[in-house]
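Once you scroll down, you'll see the structures, which are given as structure tokens.
One chain, chain A, appears in both complexes that follow, with chain B as partner in the first and chain C in the second.
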Partner chain A sequence: MLLNVLLAGLSLAAFYFILSAGLSLVFGIMGVLNFASAGYFVLGVYATWYGLGHGWGMLPALLLAAAVGGAVAWLVEAALLRPLYGNVGGQILTTLGVMLILGETVNWIFGPQIQEEPMQGLLAGTVVLGGMPFPVYRLLLIAAGIMIFLLLSSVLRDTAIGLKVRAGVESQTLAELAGVRVAPLRSFVYAAGGVLAGLAGGLYGPFSGVYPTAGVDTLLLTFIVVVIGGLGSVPGTLAASLVIGLAEALVGFYAPNLALTVNVLAMIVILVLRPQGLLGKPPGRRDTHAA
Partner chain B sequence: MSLVLQEVRARVAGIPVLHGVDLSLRAGGVVALLGRNGAGKTTTLRTVLGLAQLEGGGISCGGVDLGRLPTWRRARQGIFYVPEDGGVFQDLSVLENLRISARMAPERVLGPFPELGPLLPRRAALLSGGERKILALGRAFASGSPWLLIDEPSLGLAPGVLRRLAQAVSTLREHAAILLVEQNLGFAQAVADEYVLMHQGRSVDHGPIAALRESTFFDTAMHFGSGQGGS
Partner chain C sequence: MPRSRWLRPAALAALACAFLGWPWVTGTPFILNLLTGGVIWGLFALSYDLVLGWTGEISFGHALWFGSGVYATALFLQATHVDTFLGIAIAAILLTPLSLVAHLLSLRLRGAYFAMITFALAEFAHLLVENATSVTGGTNGLTSVPLSADALAPGTLYVLSALCLLAGLAAVLLVRRSRAGSVVRAVRDNPTRAALFGYSEVWVKALTLVAASFLAAVAGGLFLAYQGMAFTGALDSGTSFTVLLMAVIGGADSAWGAALAGILLYVLENSLSATTSHWGIFLGAVYIAVVRFLPGGFGALARRLRPGRRGRGKRQDAILAAGQAAAEQGGPER
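Presenting the complex of A and B:
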């Protein structure tokens, strides 16, 4: 039984990581919490539902979700956010507006009812682990989380653009002094955040249902994960996802009504002990070279 | 070919700080920008990079007007800034710090800066103050930039490290022109060949570094009593 609960926690952690990693990087390079992420998420939920409903396999349906999330995020950044750089309040309000518009648009087109994800084949089945049945789909979530972490880590560590992103997250001024043009990096990171949010949405439907407020429902936990992990830190987001996912599964198993309370308490305790989050940089180390 | 500032006026956070700075740094030269705290030396360097708001006058490099260019374009124009704290990326390794602005294989830096060799995989946040300054100068070398703006490299360093730093700056001057802000007169005199004295946001005098103490503005600008000199 405990093995199943732990695996359920790991699958939640994987899901939270995929959803939160993009949000964390977007905050790192733009300095704002991107509410619109919940909008790209819900687009991903419905894109996957559409794909599976038309007989696509899970992988193409997820790729569609990621592409839709990324494309819409790229457009939003280019058309709405780019003119607002330097205006943090304007950016936050804009991302909030985008979240509401996308959610309401989906509601208007597909209606408010919860739709069931048409899962088929192996992914709809279970395997017996520790004497108990465990959904195969949740194992897919864990595998997806590990793959996304390895891919993100590799891009950030081993590629030229990853190096520039990490430099820009640490200090945009120092990055520009090194000749790095930060504006395209922002677009790239924001679109990548949309890809990850869309992908997370695609993975969400099969275990929680397809409905227009799915993005808003996950928003609070996503922010908790990002804040606990340390804004702008991908390894921190992974650590926080593990804390929150495992806590939610364990507490949810023994005391289902306390799951969210425990997550908020975990955030409060961690922020009291480490205001910058688990692996975030201390406030004194933020961009001291800025104009 | 020169980096030229003409009657530069600039603001920081809306407050006028520079009221008229003139200087010319020719290719291969080293100019020490001297003056007491608050004279506007660091602001002068930051204005060249576009980090302070240029309000009037002109800044050009090799005939190219820098005044309206964003910071990253000025950097790509061949101007590299080493701020007082070194300006290294603390979350990146030493090798990554060299790589991000390098116009040459980062390993070539190990010739003039061999002490960086064993430090290459280390995160810059874990370096000592002296190691960080050497890394900052190593980055300047790796950038291949012909114009280096170096702010207070000697600040807070032990005498032994200072000697190594002076050596490193001498290495850099073989490859680039340097505009050096420095409070340590001995250090400035050891590496510079010209000086510009600043006082209350203006450049008030300039000349060969050997004639620095003969300047009629020396005591006023450096705030020393007669016969004294900074260490």
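Presenting the complex of A and C:
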């Protein structure tokens, strides 16, 4: 029983991590609260649904979601955000518009109804764990979360571009003085954020359904996770995902209506008392001012 | 352009009368109804202008105060059965201490963090209202609100909403010209320097936000009378986003621009979206274009079109920028 609740919590945590890691990194390097991430997420939801509906396997369908999310994010950065460089307020406002437009476009093309994800084969089934049936798909979520975390941390730790990203998150000015060209770095991180959001969207459909407001519905949870983890910190995002995923599964098991309320309250308390998050660095030197 | 002293007030008064009487000239009940909703949203958008234009902070949770106005008025009317318009005023006044506490809490943060805590507070209230079914009716809303007969007459509601909008607009424009208005602008543009003159950034911004919340709560109360019922949609993030879009398109620092955009966009949405579902896409595109190419919205457009003012505006901006740069470097100004 408890095992099942814990596993359910872990699978939620894995999903929240993939959903939020991109947003956190984008904030770290651009200072932008990226509402558009919810838009790339919806595109990912529908891309995977489209792929599965046309007889693709789960993996190609997820890759399509990641590719669509990344490509659209790259375009948005190049066309809409880059010209507003230096105007963080304008950039935040723009990402809100992008989110609304992407959501409305999906709504216009596919309609507002909730569609069933056409899952087949092993992934649609359950296994018996601790005497209770448990969806195989949720085990896949846990595996995906672990893989993405390992991938992200090894890229950030071991590659040249990862080093530059870490430098950029720490201090843009010092990174530039050390010869890092920050502009292409921003495009790269922003597109990577789109890839992660699209992938998270692809993973969302099978357990919550396919519908156009999926992005706005998960927006609040994303914000909760990045705030508690500390904006810009990947390990912090992982820790916060675990806390929020497990809390949601445990509180939700006893009082389903309270789960989200408790998490929002935690977000408010953390914002007021420790805005840098549980594992984040104090925001003292970073400019947190919008224009 | 020679202008006599009484021409401007007279023109404004004539404009106000035309505004109040307009639905009866053109009017079918449908248009009157549409305009009433528009005027109420105009007031709501005007209140957001105080947030974005006056404090320079972006709030993603302004629906909190609109929705609080809706529910506070509904609950107050249920408890006391007083006249609806009196109830709206009292509910908005009763909410001010609560809003002061909330804003002092939010203003511990700035920028993206302020944006996030306003979003979180509004979502928290939304969840509370959805879950406190016995008091608020949950997702079914409150349908049995005792509205008085005058509020149910559509003409009265329009005139009263329009008067509230005009009064709000006049108050905002007058304060803007006054000493207090300069203090708020000084704090927005250069908090450090304003602090050296003894103005606390947190308190100036908090009081501005309280005024914004008050206007939003009045708009919420009027909206309750307009809809005849309270529902949780008034508190959800979509409402916050819509009012933000309206105020940005109207002009980040233009009271009449925001009010006009509120009226116009509400009327357009509710007359067009029945025939087309692309309204949201169109609105989003216009909004993004305004952020990018016309950061002042309608207000900046009018300023640009008016001859003779352009140069002066630019020079003032330059002086402001120079002063700011000097203050930031900490060097002597002259």
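Just so we're on the same page, the second predicted complex is superposed on the first by the 279 of 291 C-alpha atoms of A that agree within 3 Å, B and C clash if a C-alpha of one lies under 4 Å from a C-alpha of the other, contacts with A are read in each partner's own complex, and residues count from 1 in each chain.
Convention: a residue touches a chain if its C-beta (ideal position, glycine included) is under 8 Å from a C-beta of that chain, and two chains touch if they have at least 3 such contacts.
None of these values were measured; they are calculated from a predicted model.
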Counting residues of chain A touched by each partner, does chain B or chain C come out ahead?
C
State whether A:V5 touches chain B only (first), chain C only (second), both chains, or neither.
neither
For A:A67, using the defined touch cut-off, is the partner it touches chain B, chain C, both, or neither? Pick first, second, both or neither.
neither
Thinking of the overlay built on chain A, is A:V98 touched by chain B (first), by chain C (second), by both, or by neither?
second
Regarding the shared-chain residue A:T173, is it in contact with chain B (first), chain C (second), both, or neither?
first
Pick one for A:L123: touches chain B only (first), chain C only (second), both, or neither.
neither
Determine, under the contact definition given at the top, whether A:V264 touches first (chain B), second (chain C), both, or neither.
second
Taking the superposition as given, does A:R181 touch the first partner, chain B, the second, chain C, both, or neither?
first
Does the superposition put A:K164 against chain B (first), chain C (second), both, or neither?
first
Take the contacts of chain A with chain B and those with chain C, and give the residues found in both.
288-291
Any idea which chain A residues touch chain C in the complex?
27, 31-33, 80, 83-84, 88-90, 92-94, 96-98, 100-101, 103-105, 107-108, 216, 219-220, 223-224, 227, 231, 257-258, 260-261, 264-265, 267-268, 271-272, 275, 283, 287-291
Write out the stretch or stretches of chain B touching chain A in their complex.
46, 49-53, 70-72, 75-76, 80-81, 83, 85, 87, 89-92, 96, 99-101, 139, 143
For chain A, which residues count as touching chain B in their complex?
163-164, 166-167, 169-171, 173-182, 281, 285, 288-291
Listed in rising order, chain C residues that touch chain A in their complex are 56-58, 60, 105, 108-117, 119-121, 123-124, 127-128, 131, 237-238, 241, 244-245, 248, 277-278, 280-281, 283-285, 287-288, 291-292, 295
